[in-house]
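Two complexes come next, and they have one chain in common, chain A, joined by chain B in the first and chain C in the second.
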Partner chain A sequence: MSELSGTPRSGVIHDLGYRHFDGVREGTPAIARTLFVTGVRHAYGLGRSGKSKVMPFLLLAMSLLPAAIVVGVVVLTGLDSLPVSYADYTNQTQLLVSLFAAAQAPVLFSRDLRHRSIVLYLARPLSAPVFALMRWLSLAVSMLVFTLVPTLLLFAGALLAGLDKSDQLTSVGKAIALQVLLAAMVAGIAGLISSVSLRRGFAVVGSVMALIVLTGVVTVVQNIAYYEGDSESGSVATGLASPWSLHNGLANAWDAGVDTPAAVGAAWVPAYVIVALLLVAGCLLGLVARFRKVGSR
Partner chain B sequence: MAGVTGELIGGPAVISTAGLTKHYGNVHALTDLTVDVGAGVTGLVGANGAGKSTLIKILLGLLEPTGGHAHVLGHDIEQQSQEIRRLVGYMPEHDCLPPDVSASDFVVHMARMSGLGASAARERAADVLRHVGLDEERYRPMGGYSTGMKQRAKLAQALAHDPRLVFLDEPTNGLDPAARTDMLRLVQRIGSDFGIAVLVTSHLLGELEQVSDHVIVLDGGHLLRSSSTGEFTERTGSLLVEVVGTETERDRLGEALAQRGLTCRPRGAMVAIDPPPPELAEGGAAQDLIRDVAAELGLGLMRLQPDRRHLEDVFLEGGTRV
Partner chain C sequence: MMNATIAKLALQALLGRRRFYVLLAFPVLLIGLVALVTALTDGDAAYGVLPNLGYPLVLPLVAILAASSVLGPEVDDGSIVYLLSKPVNRYGVAASKWVVALGATLVAGALPILVAALITGDSTRALALFVASTVAGTAYAALFLAISAVTRHAVIASLMFVLIWESLLGNLFSGIAWLSIGQWGLRVGHAISAELPDPANLPYAVIASLVVTVVGVWFAGDRLRSFSLRGED
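After this line comes the complex of A and B, so read on.
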């Protein structure tokens, strides 16, 4: 604050006092949309520290790399089909997809509960169910984007290589529909685990156990049942036990180019769909109950 | 329990409850609370566990009452809690700030969660952070804040959307005396200059005496009293006397006065005299008597003043009544 002698001060800071806000206030749908968009951005570390962008984008790059190589090979050598189907590509990169969910779910589900800022959200117009639903939707859409980007890269490569457009379109459509279901399931499981175990480390380990280890166990049991136990139905029934085997089983039944230990017959499709939907619904109910309980404390 | 309705300072009640009750199993957090709150600053006093936070959470719709009704800003808490949450701000007692976000970003986000558009939220956040006194540090992650700065950030998020009513749960918790004074001054400004009704809780009665227009006292989930702060601190008719010397001199005076028909008790270095009997109450006869007694005993009279009530007395009265 230097006062120059002789020169009259030209700039004066006026204290306007407290000003009321009389502009437009958005309704609940707009607030929910803001929460959803913020959630998707945060899942990729956008709008957060530089460090938090490393993990999601590293995983995304790793899941894109094989697709880029496949596209290069197909375009240069002129193969008449993709060496891997769209749905199977997602299956082959399942470790990365599961890791993304396990690593980013705590960002959306643990932080508000651990630091108790959830109370500040619930003291605002959004109710606990809407809040939980929007958080889940943020993670599910982030995961869908994660699986969609390599799929679209493959699709673009297939079109560049001059493969049959309608064949590819059918195939990619099936893969995307399966990815939507997969994202809904995995986001529910990882979200529920993160909302219960508030320490990031435990949440990540819990999600890894539920998504990666369980899927490995299910695959082993499916193979043993089919090849050793000669039980085709036992093998297919075991596939109901993890989100990835549900995804692969449905892809197999739908002829989307994924091999399962035993072929999933049409009779099993309703069971697979119902279990998948129940899984999503169960996770959502669990999330709502969890947020409501913590919010009232 | 009879509901006591306080005076309302203009207009309809900001909050009104009728028979509000909340039981957790055998724990009775609130019992049959009937009270009205008007504009300005209202203090909600009670010991820890008296039901202050429970009341606020019920009014916000975060907890369901076991029985009774309540209206906030004319909206029913059970039917229209979303409408209520649109119009009120809430500063919780506990820590609720994510450590890796700056106060500026956080308040903007919270304003958006209350329905303000992106640019309006930024403008309001800057305004409100200035009012609560967070300057350059608003751009630093909140994990590194002192308790005083955290309390300011919590207050800022409660005001971000220009609410018509704010619930401040123990805003002075953990603050040093200077920061405490600042915070109380701010609370008073919110009620008067900002024109936002305030319901502020504290377990320290003296604090609320300074800033509230109206005080509600809760004890064990029961309403002990609800009236304007002026009524609480009105004159009681008692007198306080202090003489030069030690406790020996104090007791000599007390005993001599007791012999003349005044009821005396020691209070610190002073003698507290209960309202004098009718024959001494007229025209300062009691004061004359005290002066004469002190002169007879050869004691130097240092102080002779009317006693004012303190909020603490309400608890003492309540304690004897129950």
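After this line comes the complex of A and C, so read on.
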């Protein structure tokens, strides 16, 4: 066979005489791309069993239903603006968005570590940091899709109902930009928690604590600081503590139609942006460190 | 019915390693927050934390964590077959695990609510809230135990019940109070202090909580009786 394949291969333990693959071997970028696509599909249960499709699509349907109702109301009653802004719609459905992240992050981050199939991934020419980043990217993109679908439904409804195009376009653009930031933050937090605690139930409770309980605490403290403590800056500063209050604060400062207890002034915007970016960067560093450590074992 | 060995093992699973710290984090968070707000403003402002955060969120989360850690890990990794292969009444297994989950819910969920409410002053209100959380915690523990025995996605399913059904939809439709464990607890508490809301009638709330508790534990036992092993999905 060696005259067919050209150069005789070295390092072969046992040559059965099968034809060798001598096409182009794709490197890390192709593996990373495939990993990303598979990750997004798995986050929605596509290519997995029927039972694992139930949860993501149930949550997606629940977050689409109010949007469909709002569009119906706008079309039928001929309102001249949407009763809820795009950014505020994401905020109103935050329980569903947080639950989606908490439920699906263990699918992407825990299973490979729990069953040790991570060693099979890392046996390929793909480094642990790239693996971690691709997993994060696929969760972040799935989150973005999750928030984007209802937003686009609202937008389509608004255009079909004949609302002002340029107004709607500006506010949907703002909402989408905020959703990108939100998806990056939430995916980072939920991913980091799921990669540290490998039992699914435990990871879910941890993510819920970080996303829902913490946001609840922040909202309560913000309200108390503003209404009872008469401290506007205290209220705004507390908003730095959770991803949802960062999203809402930025939306408020950017005039995207979200109410926060105290209005976020222009001076606070850099602080909010920097904290949000630091949060994403911190989660990514944590993920990379975690997968490096697990991969080297 | 009770089996002391199974209860002891469930308690060890509950207090083992990191789970204990998460369970501990809830009371510390709640009491710390209430004490901080009381110190900065006054007791009545701080009391707002409890009906908005402590009772509807922290109490059910503690119950979910407790109920799913006494049964969930065993169902998850399949080691429950070793327990089920022993000649022990399955209803006894469910009841023993429920007692442990209930104890954890009361110690880490209801008791901190009582302490936090006492910090804000007005001991009648605090007692009413404690009774409400005891009633709700009892029913929650049984319901979430039953859910853990049915599905591997027990935590998410329980969370959806609490966050979407009771909180999100419960705030929109007042009729959901008739089918919401948290509201039944509040109704029982209302009998002690009128500061708690009055969403349903008292005999109904008491009977419904009892029914959910008994049926939940019985159903968990029944699921364990006809347990079938499944692979990872």
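Just so it is clear, the second predicted complex is superposed on the first by the 278 of 297 C-alpha atoms of A that agree within 3 Å, B and C clash if a C-alpha of one lies under 4 Å from a C-alpha of the other, contacts with A are read in each partner's own complex, and residues count from 1 in each chain.
Keep in mind that, in the parts below, a residue touches a chain if its C-beta (ideal position, glycine included) is under 8 Å from a C-beta of that chain, and two chains touch if they have at least 3 such contacts.
If you're wondering where the values come from, they're calculated on a predicted model, not measured in any experiment.
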Chain B versus chain C as contact partner of A:Leu99, first or second or both or neither: second
First (chain B), second (chain C), both or neither touched by A:Glu26: first
Touched partner set for A:Gly17, first chain B, second chain C, both or neither: first
First, second, both or neither for A:Val119, with chain B first and chain C second: first
Touched partner set for A:Arg48, first chain B, second chain C, both or neither: both
Overlap of chain C and chain B interfaces on chain A (superposed complexes): 48-49
Chain A to chain C touching residues, read off their complex: 48-49, 51-52, 55, 62, 95-96, 99, 102-103, 197, 199-202, 204-206, 208-209, 212-213, 216-217, 220-221, 223-224, 228-229
List of chain A residues in touch with chain B within their complex: 17-21, 23-28, 30-31, 34-35, 38, 47-49, 111-112, 115-117, 119-127, 295-296
Touch list for chain C against partner chain A, complex: 18-19, 22, 25, 29, 33, 37, 40-42, 45-46, 48-49, 52-53, 57-58, 61, 64-65, 68-69, 72-73, 76, 152-156, 159-160, 163-164, 167-168, 233
Chain A partner contacts - residues on chain B that touch it in the complex: 57, 60, 62-63, 82, 85-86, 88-90, 92, 94-100, 105, 109-110, 112-117, 120, 124, 127, 131, 157, 161-162, 189, 193-195
